[in-house]
Structures are given as C-alpha cells and as structure tokens.
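There are two complexes below, and they share chain A, which is joined by chain B in the first and by chain C in the second.
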Partner chain A sequence: MALTPTLTGQPEYCLTCHADLPEISPSHPVETFGCVKCHGGERLALDADLAHSTMRGGQNPSDFSVVEASCGGSDCHSGSAGQDRDHIHRVMTSVQATYAGAIAGVRYAFGAQPDQTARLGIFAIDDAQVTTSTGLTSLAAFDPATETAPPVIAFAQNCLNCHLAADPLPGADYARFTGCAACHTPTAGMDFQPNAPTIHRLTTAIPYTQCNTCHNRGNYSLRDMQFHPRTDLYGRSIERPDDRLQDYYQPIGQFTKCEWELDCVDCHTRGEAMGDGDIHSHKLEIQYVQCRTCHGTLAESPLTRTIADPNDVALRLAFLNPVLDLKVGDTIMVTEKGEALWNVRQRPGGRFEMVGKATGARYTVPLVKGSACTQKLDQQESRYCHECHAVQR
Partner chain B sequence: MPSNADMPNGDRLSRRDFLSLTTRGLLSLSGLLGLGGLIRFLSYRPDPAPPAQFDLGLAANYPPGSRTELADARALLIHTPNGFVAYSTICPHLGCRVQPADDGFKCPCHGSRFDRQGAVLNGPAARPLRILRVEEQADGHLILHTD
Partner chain C sequence: MRPSFFHHLHPPTIPAPQARWRYTLGAGGLSVYFTLVLLVTGALEMFFYIPTPEQAAPSIQTITYLVPYGWLIRNLHYWAAQGLTVAAVVHLLRVVLTGAYVPPRRFNYLLGLALLVLTLMLSFSGYVLRWDEGIRWALVAGTNLLKTIPLVGNGLYGIVVGGDEPGPATLIRFYAWHIFGLTLLLVVVGVWHLFRVRRDGGIAAPPPAHRTDPSRITRAQLVRREVLAALLASIALLALAILFPAPIAPPISPDSALTADARAPWFFLWVQRLLRWGDPFWMGIFIPLIILIVLTLLPYLFANIPPMELGRWLPPRGRRAQLVTAAIFLGLVVLTMLEWFKL
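Showing the complex of A and B:
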C-alpha cells in the first residue's frame, strides 16, 4: 500500500504492514506526514528488516539522540523562541533533561564542587541566548569515571533513572518512553517490555499518571544513594480513580492533598514543565507557580490577560487540546512571568473557571480576595495555605 | 560398481574436467541471476508523479456562486462574479488539508486560519493559500493546473 504524504511528496510503503496503527495525533495526520518523516526507515522497502534498518530511535523517534532529525525543523519543533516553536531546545536545556540540579546538588553535598551552580549535565549542552538571571551558558557532560567521591559514584550508578534521556526503571509503574514521548505519550500502567506492542499517540493532555512515572513512585535517598519505592501504594495503583488521592504527587513526602483532583499540567505551565530555554541549576529557578497564581491574595486578584491577538499562544494551546473553546476576546489568567494559564478563563459574571486539561472537568476557582481567609500577605508558600486547605481539613 | 581404474579412458571424467564444468556452471548461474537482477532493476518504474492538471468537466456544471471542493486535486473551485478562482487546500505550513469554514478556511492540524481570499488570519501558517490556475477550454471544459 503506497502513500505519498503531502509534506514529502515521496511515496512510502510503510502502511503495507502498519495500516492498523492509529493516527498518532490530529496534528500529525498520516496523509500529510507519512511515517518516514518522523521515524526514518527505508520508505520503499517491503522487507521488514530492510524497512526498519534505518529507523531513528527504534520505536521512539523522539529520543534525544535523534529528536532533531525526527521532530526538528523551523516549522515543526525547532523553530524560533519568538514563535514558541523552540520545543526541542527548551526541553533539551530543561532540568528534566540535563538533571543538572540533581548532579550539582549531590556533587556539592559530597565536596566535588564548591557551590550548587550546575557545571555538568547528563549530556553536554550550550545555550547561546540566556534570557534569565539564573540561566547558564553551557554544561559539560557528567562523567562518573572522573568522579572520586564514592557517594557521587554511587549516585551515578543508582540514581540516574528519571531524567528524560534515561530508560526507566523496570515495571509498569515506571513505564515511559524517553525524550519528548516520556511525557507526551501516555504509557503509565503499560506492560512496557522491550519489543512489546507499543503505543502510537502524542498528546498535550498529559495525565498526572504520566508525571508519576518519574515523580511519585518513590524517593532517592542521599544516605545510601538508592532508590526506595513507595511502600504505601497497594499493588498496581495507577489508572484507578479511587486511588487518585493516594497516588497523587508526593514530592519527598510533602503531599498537599489540596488540588488532588487536578492534573499536574493544570497548574504547572509549559515553561515550568518543559523548560524556558535556559539551562538552570535548580528546579526552583524554573518552578514558580504558587497557590496565589490562580487564587490571588487578600490584596490582589490573579493576573489576567484578554486575548486580542489571533496568534496568541494560548489559542494555539487550546486548539491542540480542545477542552475549551477559547476565542479572541476571552480573558484568561496568566502567571507573573506572563505565561498563559489558558485553561483558566473568566466567565460571565466575573468568576474564573478552570478546565482540566486531561479530564475536561470544570472547576470554579475560588479567590482569596474578598474571602474570609486570614492569610498573612508575606506568607504565600503552599505550606501556609495547607494549614487550612487540605483534603483532611 | 567399477572403480575409476576399471573405466575406459573415453568415459572417465577427470578431476580437472569436473572442476572446470562445475565452475562454468556456477558462473553461468550467477550470471543469469545477475542478469535477472539487472533486468528487474532496469525495468523498475517508480510510482507516477501525481497529476498536475485536472479536467473538471464542463464549466456549466459549476453555477455562479458555487464553491466546490475538489478532493483529488486538493483544491476549492469558486465561481465568482469575475470568473473561476481555485485555491489549493494544502496548508502552506506543513501540508495538511485545510477545510472550508464560515470565514474562509481553517487547518485542522495546527489551527491556521485563512480568509475567503486565502490570506492568513492566524498562524502558524505564514503564507496565504496558493491560488491555482483555472483554464476554460474552447469545448467548455475547465482545466485546473496545480503545479
């Protein structure tokens, strides 16, 4: 079965065997992209071994080793920052990919470097355009063979399973791809064995379970430099609605139990999750959304922006994940950095409504201003809010 | 069974002849296989390029004011008061097929929108929809050129 994708204009025969694969996403229709544009391979071959012999990244063309060839291009995912099309650069420089924060923290803790400023990443990377005060211009590759401190060596051996270039730990709870697909291909709960039937899907509606494949399955202990799986999860807990409360994000035990009905991406912006294009030394340099971002304070309402430009990135994001019909003229919340919280829109009457990006569930966002809240204006960290606002209280 | 020593000289196949015959046979076989491959290679015909012009039939089939989607040609033919106009329905961003919308066209892949004249209303497309040449022949047929 021959297909001539509009984008390449070159016939390919992949669908002879793969006609049953579902479309990977509405943004990548097969009649436009075909298969070879993203996956590589020998487009005219009808022998499986030959056809697959030059595929990029095996089942996963978004692996960082091949992502530029697979997903890059100025009209695709390595365009300019001004057009919000620098996805590959952003994710490659993000702390999730470089693991620079963890590496710097451990090396600093055990005397291998004098401060916590990152010098090393999982791979070497440069950033020619630093835009933030904490941004770094480059990282060298972390090479455990050059380390002398035993804990740092143990860290390298036991604790490098969560960055986006790493293969995950074995087991369904950790099942994810590498590269872009680590987050954008929902794999949580799959029996993720090598050569097993795979999943052909990309989405921006990322459920919390996908984040959990790294963020909530246990903790790395600095005492023994080992990963310790959570022991409070019973059996295979993911994908069970009644488990959501128990299964929700538990960063080193500080579980908020406040916004547990939401998904991580409902609050955390694309800049936080996928990087802002700069190389950072610590996640706190990039993670900044707080309770007040959406709820405001006693003195201030949350920041908003009325969409006037039909090219506003908020409209593009809402188009890709159409859980709400966002339009020019709508007022949405924005963060202090100006990032669009495109799923939180002001409705007639003034109330704000959040729509779950992965669930489509609708919530009215309560505002602190004008409420009976007794917060102190200089106490805006979540721990203060959770003194009252937690599921137990 | 007679041994080689018992066989008359005229019937004996010497080792030299046997090896020579075998070598020639193998060379002939490989030559034939190679020739077969060469013939197959030379007779390969790639898939024909997609057509660059389409006979749309009689112009009278497209009344004034009509907007006709031409799926094969990936085009939209419009009969305006000034004559026939055709727009490519291939999005200039990445090549998805745009769809008619109330205010013009929209791309279902990445959300680009175009007005009724094909101009960009919003990206990511940076260029307008391509206007295609429509030729009305003496016999009344419309020919759409997509190249």
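Showing the complex of A and C:
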C-alpha cells in the first residue's frame, strides 16, 4: 500500500503493515507528512527488520538524540524564536531537559559548587541568544565520574530519572516517553512497555496525569539520595478524580481548588512548561504564573489582549487544541510577560471563561477585584492566597 | 542433423565412463547453466537497478519488495552466483584431481582458471552493487588492499575506485565492469573454453586402445543428462531463492561506524582471516597471488601424467599436483570456516 506524502514526494509503503495506526495529530496529516519524514526507516522495504532498521529513536523519533532530524528544520520545530517556532531550542535549554536546577542544587548543598548558579546539565548545551537576566550562555555535561562528594555521586546514580532525556521509572504511573513525547504523548496510566507498540498520538491537550509522571508522588530524599514512591497510592487508579487531591504533589503542600481540579497546562504557560529559550538555574526563574495572573488583585483586573492578528500565536494554539473557537476580535487573558492564556476568554457581559485544555470543561474565573478579599496589596503571591483558599485535607 | 554453432561447442558423442556424474560431477555443465541463469536474471534486474549512490539501495528494495516477482529474480540471481562460484571451484578440483589439465588441455586449463578469477570478480562487483551498509566495509577494505601494492598500488586504486574514496565514480565503475566488461569477458572466454574442450579432443579419457569400456553416449543422451541436471539445479535454485532471501541492508549512512560484524562476502572470508594475521599486502595480496600462480603453474610443474592414466580420479602420476591442490583447497576451507564461525 503506497502513500506519497506531499511534503516528500517519495512513495512509502509503511502503511502496508501500519494501516490501522491512528493519525498522530490533526497537525501532522499522514497524507502530508507520511511516516518517514518523522520516523525515518526504509520507506520501500516490506521486511519489518529492514524497514525498521534505520528508524530514528526506535519508537520515539522525538527523543533528544534524534529530535532535530525528526521534528526539526526551519519549516517545522526549529524555526525562529520571533515566530514562536523554536520549540526544539526552547525545550533543550529548559530545566526539564537540562535538569540544571536539580544538579546545581544538590552540588551546592554538598559543597561541590559555591553557589546555586547552574554550571552543568544532563548534556552540554550553548545558548547564543540570552534574553533574560538569569539566562546562562552554556552548560557543560554533568559527569558523575568527575564528582567527589558521595551524595552527589549517589544523586547521579539514583536520581536522574525525571529529566526529559531519561527513561522513566517502572510502573504505569510513571509511564512516559522521552523527548517531546514525554509530555505530548499521553501515556500516563498505560500498561507501558518501552519497546512494545503503545500509542501514536501527539497533543497539546496534556492532562495532569502526564505531568505527574515526573511532577508527583513520592519524595526525593536528600538524606539517602533516593526517590521514595508514595506507598499509600499503591494499586489506586490514576484516573480516579476523587483521588486527585490526595495524589497531588507531596502531602505537605497547600493547594487551592483550581490547582487540583484543573490541568497543569490550564494555568502554566508554554513558556513555563517548555522554557523561554534561555538556560536557567532554577525552575523559579521560569515559573511565574500566580493566582493573580488570572484572578487579578483587589486593585487590578487581570491583563488582557484583544486578538487582532490572524497569525496570533493564541489562534495557532487554539487551532492545535480546538476546545474553543477562538477568533480575531476575541479578548483573552495574558500574563505579565505577554504570554497568551488563550483558553481564558472574555465573554459578552465581561466575565472570563476558562476552558480546560485537556477536558474541555468550562469555568467562570472569579476575580478578586470587587470581592470580599482582605489581603494586603503588597502580599499577592500565591502563597498568601493559600492561607485562606487552600483545600482542607 | 545440420551442423550449427551449437555443435561446435557440444560434442556429438563422449566416452561413456567419462560421461558419468561421478566422474564429471556435472560441475562444468552446471557452471554453464548458472551463467545462463545469471545472464537472464541480471538482464531483468537491469530494468530496475539504478547505479547511483542515492538510488542503488532503494532501487534494490524496489526490486525486492515492490516489483512483481522481483524478489524471486533477485534471489535467483544471488543463488545462481553462489552456485557458479561453488561449481567453478568444484570443476577446477575435478580437473586437477583427474589430471585433465595436462597438455593438450593445458591452455584450456588456463582459460578455466581465468574464468574462475572472472567469476570471483563478478561476484565481488555484483555484491558491491548493493551499495548498502552490508557491503560498505568489504568495499573499503577490499579497495584499500590495492593501495598496499608497491609502485602500482595507488594507480590501481584510482582506476578501480575513481577517486580518493568510494563514491559515485566507484559505483558506476563497478556497474560497468559487472554488467559489461567482466560479463563480456566471461562470455567470450567461456565460449572459448567450451570450444577448446572439443578442439582438444573432448573430455579427457585414455587412448582408445587402453579403454576398458569403449562405449560412447550419443548427443541425445548427453543433452538428456544436461537437461536433467539443469532441472535439478533449477529446483535447488528455486528452493533456495524462496526459502533464503539474498542479503539486503539499509542504505549507506555517512555516520555509521565499522563494527566487529563487518564481513567480507563468503568467498573472500579466507582473505579476511588472513588479514587479521599480518601485513595487508603480504596477507591480502601476496598470498592470494601466490595461490593463483601455483594453480597457473600446475600444468607446467606436474605435467607428466601418461595418457593411460587419464579419464579417472586421482591418477597415480598426478599425486604431487593432487596434494598441492588439496592442501591449498583445505587451507582455504579452514580459513573460511575460522572466519565464518569467528573462531
């Protein structure tokens, strides 16, 4: 069964065996992309071994070892930062990929470096264009063999499981691919075998369970340099919503209702999740959305923008994940850095409606302004909101 | 029957004892048959094979997977080539071990030796035409061997490879040699070889006065045996072609590294083993050349086999030639086995 994708113009016969695969995403129609452009492989071979022998990254062409060849290119995901098409550069420099924050923190804590500024990452990387005050120009590769402090060596042995290039911990709750697919392929909770056919999907509607494959459960103990899974969760379904509050982050945390009802990506922006293109030393240099970003303060309403440009990135994002019919002329919320909260739109009458990116659920966003909130105007960070609004458990 | 060119090459009668399978082993005839199969299947492959570095391996994939029965044609070509190599070597052994190389058949023996060399060169050039990862390191190693020859080595390398390293010029040269140069030589020398068999008095046999069985078989009987052999060989070829596909590998990728698995084609595994043991020139060029020279000199060094001893296996006066040849053959087999099983 031949297919000649319009992007390559070269016939490929992969669908002879793989006709039952679902299309990976509406943005990558198989008639346009085919299979080989992303996956590599021998497009003419009808022998499985030969056909698969030159595939990039095995099952996962988005693994960082091959992502540039698979997903890159100036027309695809290595485009310009100005057009918001530099995804590969942004993710490769992000703290999720470099793990620079964890490495720097542990090395600082055990005396291997004099401050918490990152010097080392999972892989060596340079950034030619630093755009923020905390951005670094380069990281060298973290090499456990050159470390002398025993806790740092133990950290290297036991704790390098939660960066984007690492294979996940065993177990359905941790099931994820590496590279782009770690987040964009929803695998969490699947009976996930690293080398078995599992799922052919890419999405920006990323459910919290996918984030939880790294950002949840258990404790990262600095005392014995081990990851301790939460034993109280054993055997419970990851999908049961009534468990979510219990499952969410470490038990000592304080969380508001929206933090455990919404998905992570409903509030946290693409800049926070995938980085801003700079190499940072700590997640706090990149994570900035606060309660007030959406809810405003007593004095101020949240920031908004009315979409005027048909190429506005908000429209592109809504096109990728069509949970709402965003149009030119719509007013959406934006963060203080100007990033579009494209799923929070002002409705006629002035109220703001959030649409869950992974669920499609609709919520009206309550504003602080005009409410009975008595918080001081100079104490508006989320931790102050938690004082009153944290869910009791 | 009207005489035809075919009758120039095909004897009207031959002595019955020398027409037996157990005497000829059918090796010469099978070599002719395999050559015919190779010419036909090779001509068919030419309609789809594209001799450029980018297209060579994909076009072979096209032949193998997409062209109707292309896989069968390619596998038949592959197995006929392996069969030809084996049959030619067996034929050479038969000729030496029956003493048939002595004058007046000395010149035809040399023609036969030339045909064996041509067969090996055709085998290697055909193997290289795959232009995929499976042949890459054998091509690099094989052509680099040429460079080690004193004085003429670099010039020879330039002629064979057409540049400083294997590239488009190499592929088109191997293609031209395989399709045209070597094939033309093989056909011309091959026909000459067949013609000389008759010219030299037919298959080696004792003088008529010394024959215990003076009977002869007719042309019709001979053709019947030849057709039977060709049928059996065809069944064997088809079975091999259906059950054991010819090797195929991904196209050459610039960033792939030489691995311990890199292998010469099986008929040069003995050279690969020798190369592990010493200097490339002495092991890879000199020793094979010495073997060829010894085989060439055989009818000059050990020519005193009386006609009465011809037409039978292991004539007593040919002992020394038999021992030398057997030693060479066993040596090559042992070296091949050592490399094959990575001992």
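Here is the rule we use: the second predicted complex is superposed on the first by the 379 of 393 C-alpha atoms of A that agree within 3 Å, B and C clash if a C-alpha of one lies under 4 Å from a C-alpha of the other, contacts with A are read in each partner's own complex, and residues count from 1 in each chain.
Note that a residue touches a chain if its C-beta (ideal position, glycine included) is under 8 Å from a C-beta of that chain, and two chains touch if they have at least 3 such contacts.
Owing to the predicted nature of the structure, the values given are computational and were not obtained by experimental measurement.
Peer 1: Chain B versus chain C on the shared chain A, clash or fit?
Peer 2: In the arrangement built by aligning on chain A, the partners chain C and chain B clash.
Peer 1: So in the superposed three-chain picture, is A:377 touching just chain B, just chain C, both, or none of them (first/second/both/neither)?
Peer 2: neither
Peer 1: Does chain C touch more residues of chain A than chain B does, or is it the other way round?
Peer 2: B
Peer 1: Given the touch rule stated above, what does A:42 touch, chain B (first), chain C (second), both, or neither?
Peer 2: The second partner, chain C, only.
Peer 1: Counting only touches as set out at the top, which of chain B and chain C does A:50 meet: first, second, both, neither?
Peer 2: Second partner only, chain C.
Peer 1: Should A:4 be classified as contacting the first partner (chain B), the second (chain C), both, or neither?
Peer 2: first
Peer 1: To test your reading of the overlay: chain C has the stretches 4-12, 76-84 or 238-246, and exactly one clashes with chain B. Name it.
Peer 2: 76-84
Peer 1: Counting contacts the way the document defines them, which residues of chain A are shared by the two interfaces, the one with chain B and the one with chain C?
Peer 2: none
Peer 1: Please give the residue numbers of chain A that touch chain C in the complex, ascending.
Peer 2: 13, 42-47, 50, 53-54
Peer 1: Any idea which chain A residues touch chain B in the complex?
Peer 2: Going through chain A, the ones touching chain B are 2, 4-7, 9, 11, 26-29, 31-33, 75-76, 83, 85, 310-311, 315-316, 319-320.
Peer 1: Can you list the chain B residues touching chain A in their complex?
Peer 2: Contacts found on chain B: 46-47, 50, 74, 90, 93-97, 108-111, 113, 121-124.
Peer 1: Spell out the part of chain C that touches chain A in their complex, as residue ranges.
Peer 2: Within the complex, chain C contacts chain A at residues 58, 61-62, 64-66, 248-251, 253.
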